[in-house]
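Quick notes on the structure that follows.
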Amino acid sequence: MRTTLFAAALGAAALLGAIAPASAQRTDPCAGPITFGTTISATGTNSTLSDRWMKMTEIFEEEFNRMAGGVALSGCGGKKVPIKFVMYDDQSVPATAVSLYEKMATVDRVDLFVGPDWSTHGFPVSQIFEKYKTPSVMSNVATPRVYEQGFKYITGLAFHANTWSQNYFESLKNVNPQPKSVFWIVHDNLIAKTVYEIHKPIAEKQGIKTVGEEIFAPTTRDFTGIILKIRAAKPDIIYISSFDAVSVPLVQQMRQLRVTAMDVHHIMATGSLARQINLEGVTGELYWHEGIKGPYSDIALKVLERAEIKLFDYLWTGGRLDSYFVMIQAIEKVGKLDREAIATALRAPGAKWKRPGGEFEFDAGGLSKIVAFTHQIQNGAPVIIAPAAQATGTIKWPSPTWQ
Amino acid sequence: MTAIIAQLVISGLLLGGLYALVAFGLSLIYGVVRILNFAHGTLLAIGGIAASIIFAVYKLNPVLIAVVLVLVFLVFGYLMHIYLLDPLKKRNPFEATIGTVLVTVGLLLIISDLAAEIAGPTPKNIPLEFHAYIVGEVIIQRAELYILGGITLFTIALHLFLKKTWFGRAIRAVTQSPLGANICGIRSKQIHAQTVAVGCGIVAIAGVLWSLKFPVDPYGGFDLTVRAFTIIILGGIGNLVGALLAGLFLGLAEVFTSFLWASDWAPAVSIVLLLVILVVFPRGLASVRK
Amino acid sequence: MLEIRNLVVDHGELRAIWDVSLDVEAGERVGLLGANGAGKSTTLGAILGIYKASGGHIRYKSAEIANREAVQNVEAGIALVPEGRQLFPEMKVRENLEMGAYPRSARGKVAENLDRIFDLFPILREKQNQNANELSGGQQQMVAIGRALMSSPQLLLLDEPFLGVAPVIIEEVMAALNRLADQGVTFLLVEQNIHRAMEFVERAYVIENGRTVLAGSKQQLLGDPEFSNKFLGLD
């Protein structure tokens, strides 16, 4: 019943889309506001990551228009044009997101898109961008396959599985004593396995030998078997490629069974994980951190403060905010509200983009080449240890809590 | 090597003992009411979450938490039977069977969502930070000893309850012959509701013990229900001793599989075991004892 | 002691008893005879209260008991030894017997009644710690009778107690029943084997398709050509 209704709604929306002129752009862009259409997973399974983002986006609209004064367009006599969000809850359901983007293209007639989040959503929704020839800067869509469809109107902010732990392994070159071996513990999940597969040869190339690798199912409760294997293998580094929630018992039991290593690395060492288990001394990756200042960081920090969001708790918030900043930069580069030109500018080879975490480029498919910051939990809070240029502290080596 | 085996055995017994506790309640309920409660493992998760929150907020002794939760779950189980399960009996057998699946699965979804809404979806447990005993290379947490002690005491208590009390015997009587029980003057409707209540009370205790060692989240109980089904089939319906043995066996099998083979195979053990035993011992492990 | 008038009992959609009337006086041994499916077991079940009456009356010691719960009737002194025994197979013999004393009023006399039953069936004393399903058919029947006796009944309803029981044991059981009758227990016996029934009862009713069709003393019935036609030629 629900599916048929849903299909009917989709069909109707598609029909509307076909009738509506493909580029119904306003005649006087200077009158503003510029509308950004987006969906957010405010409810449903992903909402632990994003339940505060609707509020955050409202605050962003207000603060950006106030602090930056709006978007600079040419031919508006120096007057900046404010932005405005049209926003819906996709309930963490990809199909819902698809129909909402259809609706925003045909009914709300937004100027440009930002979002959605998550690879599961980005994959189907990217078709809508192509269909309506409306560019979007997506956020937290990290699966490279999404960008390999040869699409023109997509770009996305996320850190690349390819470079996820690049800074970490880079920083290992300068520690003393040098780690010689690594044990991989991998959550049976696409992104976790990809990160592990990519970094295993990277580690080996710099002389860190794999002495064990173990994939575990998400429902695993007892990790004694794995931990005893680790104890037997005596690795210098234990690399945990896993989502945060499922690895709670793993780290807990590693502590209980007195696992020792020079370092334990967790690719999602988040605030929620730190609240449940002793993460002290663990290293991990962050997208951005309040301590790192850069372009737009004043606006971003103000927004985060008002929305009561800590980046350590809401790990992927940086990607969301960056998608707004990048779309704004793209409009300003073009100087006018021209979707074709904006899409082309976004994908211009070698173009540099600013975000609070620094400068970056998009790869050929439109995925940001952002390298994560490496951090270590020290006194209960993350301290950025790499890259050196943005470090807020230095790594404690060997990790004091795993001795 | 001995140290490794000892460590694995400790973990396997703990895990298996907890599995058995989950199976106890499910087994009692199925034995008496003949309803497979798909929400059973989820109830354990809710119990564990509630215990974790009570512990975090009031720093209450886990034994007291268990007492409080048992009372709440008894009432919940009783009402669940009266308002959700019992009305299905008025239907014809086919509708009743489908109905119980729908009702208990629906309940599972609702309480998961509700718990996630109220308590948040992240996993929780009771972080008792006791010191550990180290014997050679074997490490035992004091909390784990408490859990093992709790499982043992509770199993004995449940055993005595079923053997020695009129109520416990009535539960066994209804399981073995509903008509015979009726003739002895046992009120079946009352015993049904009370048994569902007791089954839920047991799962509350299991939830508290569970959360002393493993984190639980609102969506994480269903695989426990599946394991409990396996245990009941291995151990025999309504058979406490059988369930205990089957649970321990399953826990040890999972832990050893993870060490000797690969961790991603451990969760599949219960299914493989189930198939093997159904083929080799079609009447359950309990029949082997004899 | 027991007075049934125009009893009607339904099993769901199906009417099993249309019109049954019978009387049992205190201390009597009465038989309830009839072909398979006639409604004998349903009648006994209705008396005990495990089936609801849709019409008519059941009076026990002058009180209306149709539609009382079984537990109330057991407490009032009625007990049933059901067809097929309905023991608890995985419970010990002793536990099976003790379940017969489940109603509160019977719980005080468990030890006394157990002794009485073990005297009646000495083999059960020996086997009291074995599971019921490990016993022979005859021994199981003894357990079923013993269980019924645990509530100190005044009216004992027996439903085909000799079915599947070896002839030697039948003698033993019969002897036990006679002893009970001598102690003042009233009997309503359902039995397919007319000769055996007639050995024990003083009076009997015959039901057919849920209706009482014949009644009389042992002598009257054995002399009645209709009764002979119905039963005696058959076995």
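We call the chains A, B and C, going by the order they appear; numbering starts again at 1 in every chain.
Definition applied: a contact is a pair of C-beta atoms (placed from the backbone, for glycine too) under 8 Å apart; a residue touches a chain by one contact, two chains touch by 3 or more.
Model, not experiment: these values are computed from the prediction.
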Chain whose Cα centroid lies nearest the overall Cα centroid: B
Most distant chain from subunit A, judged by the mean position of its C-alpha atoms: C
Separation of mean Cα positions, subunit C and subunit B [Å, integer]: 41
CA centroid of subunit A to CA centroid of subunit C, Å: 78
Subunit C contact footprint on subunit B (complex, rising order): 166, 169-170, 172-173, 176-177, 179-187, 238-239
Complex contact set, residues of subunit B against subunit A: 4, 7-8, 10-12, 14-15, 120-125, 127, 132, 139, 141, 214-215, 217, 220, 223, 251, 254-260, 262-264, 266-267
Residue ranges of subunit A in contact with subunit B within the complex: 45, 48, 188, 214-217, 219-226, 228-229, 232, 245, 248-249, 252, 256-258, 272, 276
Complex interface listing, subunit C residues touching subunit B: 48, 50, 69-71, 74-75, 79-80, 82, 85-91, 95, 98-100, 102-103, 107, 147-148, 151
